[in-house]
Every structure is written in C-alpha cells, then in structure tokens.
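Chain naming follows the written order as A, B, C and D, and within any one chain the residues start at number 1.
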Amino acid sequence: MTLPARPLPKYLVQRYKGWKATDYADSAAWYQRLATEGQRPRAMVISCCDSRVHVTSIFGAEMGEFFIHRNIANLVPPYSPDGNLHGTSAAIEYAVGALQVSNLLVLGHSQCGGVQGCLDMCEGNAPELESDSSFVGRWMDLLRGGYEKVKGQGDRQSQLRALERQAVLTSLTNLMTFPQVADRVAEGTLALHGLWHDIGNGALEWYDPEAGAFHGV
Amino acid sequence: MTLPARPLPKYLVQRYKGWKATDYADSAAWYQRLATEGQRPRAMVISCCDSRVHVTSIFGAEMGEFFIHRNIANLVPPYSPDGNLHGTSAAIEYAVGALQVSNLLVLGHSQCGGVQGCLDMCEGNAPELESDSSFVGRWMDLLRGGYEKVKGQGDRQSQLRALERQAVLTSLTNLMTFPQVADRVAEGTLALHGLWHDIGNGALEWYDPEAGAFHGV
Amino acid sequence: MTLPARPLPKYLVQRYKGWKATDYADSAAWYQRLATEGQRPRAMVISCCDSRVHVTSIFGAEMGEFFIHRNIANLVPPYSPDGNLHGTSAAIEYAVGALQVSNLLVLGHSQCGGVQGCLDMCEGNAPELESDSSFVGRWMDLLRGGYEKVKGQGDRQSQLRALERQAVLTSLTNLMTFPQVADRVAEGTLALHGLWHDIGNGALEWYDPEAGAFHGV
Amino acid sequence: MTLPARPLPKYLVQRYKGWKATDYADSAAWYQRLATEGQRPRAMVISCCDSRVHVTSIFGAEMGEFFIHRNIANLVPPYSPDGNLHGTSAAIEYAVGALQVSNLLVLGHSQCGGVQGCLDMCEGNAPELESDSSFVGRWMDLLRGGYEKVKGQGDRQSQLRALERQAVLTSLTNLMTFPQVADRVAEGTLALHGLWHDIGNGALEWYDPEAGAFHGV
C-alpha cells in the first residue's frame, strides 16, 4: 500500500525556513553539539496534549532543557511491568533511568477536555466513553479515584478545577509506584513537582504537600 | 502517605514570572478567549519526548495551533481496542474525533535515543531491553518491523538515520489502521504528513510516497 | 491621554524575523527598488476582510503586483462626490487615477458573514442591523438591491450563494458610475473582472456578461 | 446595461490553478472546516492598500488567522454613528463585535502615497486634492491633525516618515473613540498595536506609549 502522506502545507514550510534562518542560525553551534554529545536535560515534564499549554514558553525553555512527554490529561499509570505497551512508563523509565533527570514536573491545566470527559463519564453522562473501544474512556479510568475525592463538592466548574488538580496528584502518586522513581526520590537525586496552570488568567500553582493544597508560585 | 512533592526551583519560577509579565500580558485577551471558547487546533503533531526537538519553535506555533502528543520515538501502535490503557491511541482518538484536526504530522528526528536502543536490542546488544519489565524495550518492539527493512544497510550511523525514518513510516502505517483516521483520510478531511528533522544541521525532510523517499522541504 | 498600545505578541515578532531573514533577504534588491521607484501594480483587487480569503496566495502575487482594498463583503458604493469620507472610493480613485492600474478585480466569496447579515436584515430577522448606529447594517444597505433579485429563490444556502454573487455584480455596476472608471473602460485601458471564490472547495468563478452567469475559470 | 466584465487574464488563471493543485490540495481539509465552522481569527489588521505591503507574508499568516481591512494610508475615522456609509467603521464593528478579535494591529509603512498626498495638500501644493470631488483628499483630511505635529521638522523625507507614523497614531486614537473598542481595551479582552514597516530595508517598528516613540521590534 502506498502511504497517503501529503506534502507539508506551505505556510509551515515558510515558518520552518524562517526558524532555520534565525533561531537555528543563531544557535547552530549549540545544536550541533547537542546532536554530537547527546541531550542532558535537567528535567522531565509530563504535560497535556492540549494546544493551549506550551510548557516551553511558560518556562522559557531552550532546546535541550526539558524532556517532555505529553498525553491526555497529563496522567501517569501505576507501575505495571507486564510486558505490554506502556508509552508513558517508557518515557519515565528513559528519563529517570537513562537520562537521570533531576526534576520531574507534572503540569496540569484548566479547561482540560480529558478531565471534562472523565467527570461526564463518572457521572454517567458519557456512555460513549464507557465502551472497551473508547481509548479516551479507558485512559481516563486512571482518574476515577480522583473523582471519588471531589464528587459533590461545589458546582460543575469547581469540580472540574478540583479534578484537574486530582489528575496531578494521581500522577505524582503513581510515579512513586515506580521503584526507580521511589529510590531516586529517597536518595535525594530526584525531586517531584506538581503544578497546575490556568490557561485564561495565566496563573501557575504548585502542590504543597505540607498544606495538602495548591498555592500560587 | 504524604506526597514527596517539592516547590518549583527558583529559576523556573523566575522564568514563569517573566513569561507572565510579557508574553502572557501581550496575549492575555486571546488566552482568555481560548479558555472560554475552547481550543480549535488545525493540526495534531506526534513528536518525540527528546529535549532537543521543539516543534512549536520550528513551526512558529502560537498557543492554540497544535495538539501535541510526545512519546519515545514518536511511535503510534496499531489500532487495538481491547479495553486496556493506550495513551497514544487516546490522544489520536481525541484529536481526530473530538477536535477534528485537519492535519496530522508525525515528526521524527536524528540522534533519537529510543531508536538507538531499538537497533541495539534488535542486534542482540541490549539484553536489558528484552525483559518484560523494560517499558522502553516493549515500546520499541513497535519498530522491530522497521529494523528488518534497514538491517545490514551501511554503517551504524546510516542504519540509525534509516531506522529513525522507519519510525515515521511505521507510525503513518499504524495510523491508517485506526478506522477513524482511515475514514477521514478517504473522505479528504484529514491529511497525514511524515517528517524527519536533523537536530544538528537543522534540516527538515518530508516523506514523498510517490518517490518512496524523504526529501528536503 | 497615553495610547493603550501594547508590544507585538512574541510569536508575531518571531515570524516577522523569520520573514526578514528569508523572503525579505532573498528579495531585498527588488524591495529596495520598489521603495525608491514607487509601486507600479498591474491590478487593483477589491476583496473581503474575511480571514479565509488570501488573494495574494490564490494568485501567487508578489509584493508590488496588486493594489488591494479589503472591506466587508467586497462592496463598492455608487459614485458620490459630496465632500464626505469615502474610503472605498478613495482607494478606487487612487488606483485608477494615480496608479493607472490596467485591471480591476472584484473578488467575492462563499460563507461571507456580511452577506449573511444582509440576508437576515432584509428578511426582517436582524433588527440590530437596522439602527443608524449599526455601521455593518448601513454598509450592507448597499446590497439591498441585490437581495431583491434573489429573494425567494431556493433555500437559504442557495440564496446566500446567489447574494454573494450579487455583491460582486453590485460592485461592478457601481464602479461604472465612477466617471474615471467608465472613461478608462470605454477607451480600453482598464478591464473589470467579477470573481467569486468558494472557500471550502477552492473553486473560482468569473462573471461572464454574455451568459449573464458565473462560470468556473 | 451589460456589465463590461472581462475574463480573468490567463496568467492569473494559471497561477490560480497552481495554487489549487498545491496549497489548496495540501490544506483542503482545513479550508473545508473553515468554511463549515466559520472563521475565528485572533487578530484584525488595518493596513494600507499599497501593493508593497503583504501583511500575510510578513507575519507568516495562514488562512483564518487575520481579519484584514486595507484602505488608503491605514486610517481609522473617528466614531460617527450617523447612519451614513462607513466602510472602515463597519469592518471594525464586525471584527471587534461579531468576531471578538483579541488583537488589533494598525500597520503603517514607508513611501505611502496617501501620506505623500496629504503632506502636499497640507503644504498647499496639491490643489486638486482640495476639491469636494477628491475622495483621496477628503480621506486624507483625517491626517491633517497629524500634519500639525510634524510640520517644519526636518527635510521632506523626515517629515514623510514622521507623518506615516502619525497616521498610525491617528488611527489608534480614533479607534479609542469607538465605545466597543474602548470598553474591550478597558476590560483587557482587546489589545491594540501600532506598527510601522519600512518597505525598502524590511524593518518593523512598534509604538511604545511609555517612550512616546516607535522602536524596532
């Protein structure tokens, strides 16, 4: 079968050429070195696929700084070495093991479509997400425990904001089930960070385990 | 258990505040609108977690333009609606179904660590990747078929570059096993694009199915 | 009063710098000459403000080729030299008189919001457009005569497509009320062209006065 | 009367067909969606008709991004809801009200013919622009206040460059007389930007209200 691949739309080609002639040209020596010597990122970031969350912009990151995994609702499944496919776990294994990152940030955000789907599903209002064939539904099962903690608390918007933060806490909790993560955290060579970003007003909050709450940074 | 989360390192707080006072401030109206009205990205991008590949920089993308999934080696598994966790498939389902993106870009790159591991594993030089407990190994199994097409062709560097491009073709091939993707491609409402980026010299190539080869854009 | 102007959003600055380093750099000699010697466009185009209609893309136009006026629904008012403000007429006077363009294209298009508003207003369904303070309403009054020709013909979509074409014909008709235009058309130094573009399927039609209908180019 | 419309010149048909077979084909899915769902441009741009200023090129804009009004000298008249024709005000009303754009850019440029005419007229050297029947003259009356600020300052070229920038400031000032604009600026949902572009050397400047001056971006 011939793959039905198409040429890149012209406006993207133009923008790429603009990047090549400016950003790339200004940093060519560094990029060549990154290519030759390999990456050495300080941090891994687990963020959502949402088009409105640019972790590289928010943190002014340059190429080489962050190893970034993005999935629906920035979720980490529990450790489960069963020989099956686990894309998120593979990214964590590579960052924490091979790359030995020092920081691991989980970045949640407001208006998360995956979290909205999860709330609808848990409330029984999204039967289409409950079938085996719904990849989004099965993925969002990871957040059912989080739903139990926020259900009935305030109006829909409040519950959504709370559930988005539960997604971050779920991921942090599941990260600690990875022996490699737990060991490196215990030995003090890896720090975990839980963050939540408000798309509309630009706020950024971090999870403070002592207070058991999120605070503005 | 108290989660061992830590405050965000100061240099990241500082950069965030810089972004908030400048980029965010200059675009606040748009970001508020994106929050209120929801995202409407034109394209989904499937890219690698590698810290040296910033798709938003390369294509001058502003918040709201690209729905981005990043995993090890930008791989898409075959369609497999078995009720298990499939993070990549969930992202595709959401982008192609709920968001109705018009373009889907798979972006591979040079010096890909996942691809290097795959080559080592396929050549019998990475026993640690072969155990059930190796998430990276099991994930890179997706590229074993690609290895069969490039093995024995040229030196190690040539094989790596060829295998990186095979990762892109594997993903395009597997994308077409998703009924939703195949249907939308057939009806002309979704275009697929295969790309490969050279980190060191900044080049960008696209897969031309008529030639059966990658060309510079 | 201090003007509340803001810095340009960063992504636009980046894109501009990309343009400067590529397109501009490749054409600098020509742009400098255009600056020194002045423009000498062959054609004027009157097009809609709609973000989905790029006349420069559709016609592969380079800087210097088209003098372009864009307003709501690509409308030309009748000649009315009353000493008041007439932005569209000023653009026509400058193009046809000072610049002596040889071709004048009026480019209409599908899904035109201004034309939709006009249809609603003429059918009595848009009272907000009927007040003196509605600039859009008063502007779309120019198309009330066009509405009379299409009303009652087919369903709403058919009427909209017909009214969009009437907007082009209205503009051509009103252009001929400008003595300068009529004189130059009569002496054969200026040609008028009526066009309609379908945003969705990319079609382009031209008005054939002998057939009294629009045809694909 | 039969309208004296002519077929499109062959070279434009050829270019259009080239665009249809390439750019359109690569982006057909997106264009169909833009047609079905409607536009959602982030920004409105008010620019000059001059053939040497392609705002879409300078900012690498793809269809759907910018709602663009182009008139002589990128001028905005003061708010005047008197029931007469106001094409520029209609475009602003539609963009700021119906489309709810988040950014409004006024883009002036060097070697502007309208501004040159204004300088000549204000200096008494263009009697033909002073009659009621001169649409260009009456339109450029909008910039007479700007002339008062620059007259006598430096040689003719300096005065022209200064008057071109005054055209941008005049438009920003008049924009703020539109209640809808002023309200949305006050509530932080609309940002205004004043820009000036040098056609010959490709420079781009923005107006910095704190400095009261234009700076390179």
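Everything below uses one rule, namely that a contact is a pair of C-beta atoms (placed from the backbone, for glycine too) under 8 Å apart; a residue touches a chain by one contact, two chains touch by 3 or more.
Small disclaimer: the values here were computed from a predicted structure and weren't measured.
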item: Which of A-D and B-D has more C-beta pairs touching across its chains; value: B-D
item: Subunit B-subunit D separation of Cα centroids, rounded to whole Å; value: 40
item: Distance from the mean Cα position of subunit B to that of subunit A, given in whole angstrom; value: 14
item: Touching two or more other chains - residue numbers and ranges from subunit B; value: 23, 26-28, 30, 32, 60-62, 64, 103, 191
item: Category of the chain touch graph - line, ring, star, complete, other; value: complete
item: Subunit A-facing residues of subunit D, complex; value: 22-23, 25-27, 30, 60-62
item: Subunit B partner contacts - residues on subunit D that touch it in the complex; value: 26-30, 32-33, 37, 40, 42, 60, 62, 64, 100, 102-103, 184, 188-191
item: Touching residues (chain side subunit A, partner subunit D) in the complex; value: 6-11, 14-15, 18
item: Residues of subunit A defined as touching subunit C within the complex; value: 14-15, 17-19, 21-23, 25
item: Subunit C-facing residues of subunit D, complex; value: 1-9, 12-13, 15-16, 18-20, 23-24, 28, 31-32, 34-36, 38-39, 41, 44, 49-54, 56-60, 63-72, 75, 77, 81-95, 98, 103, 105, 110-111, 113-114, 132-136, 138-142, 169, 172-173, 176, 185, 191-195, 198-202, 204, 206-210, 217
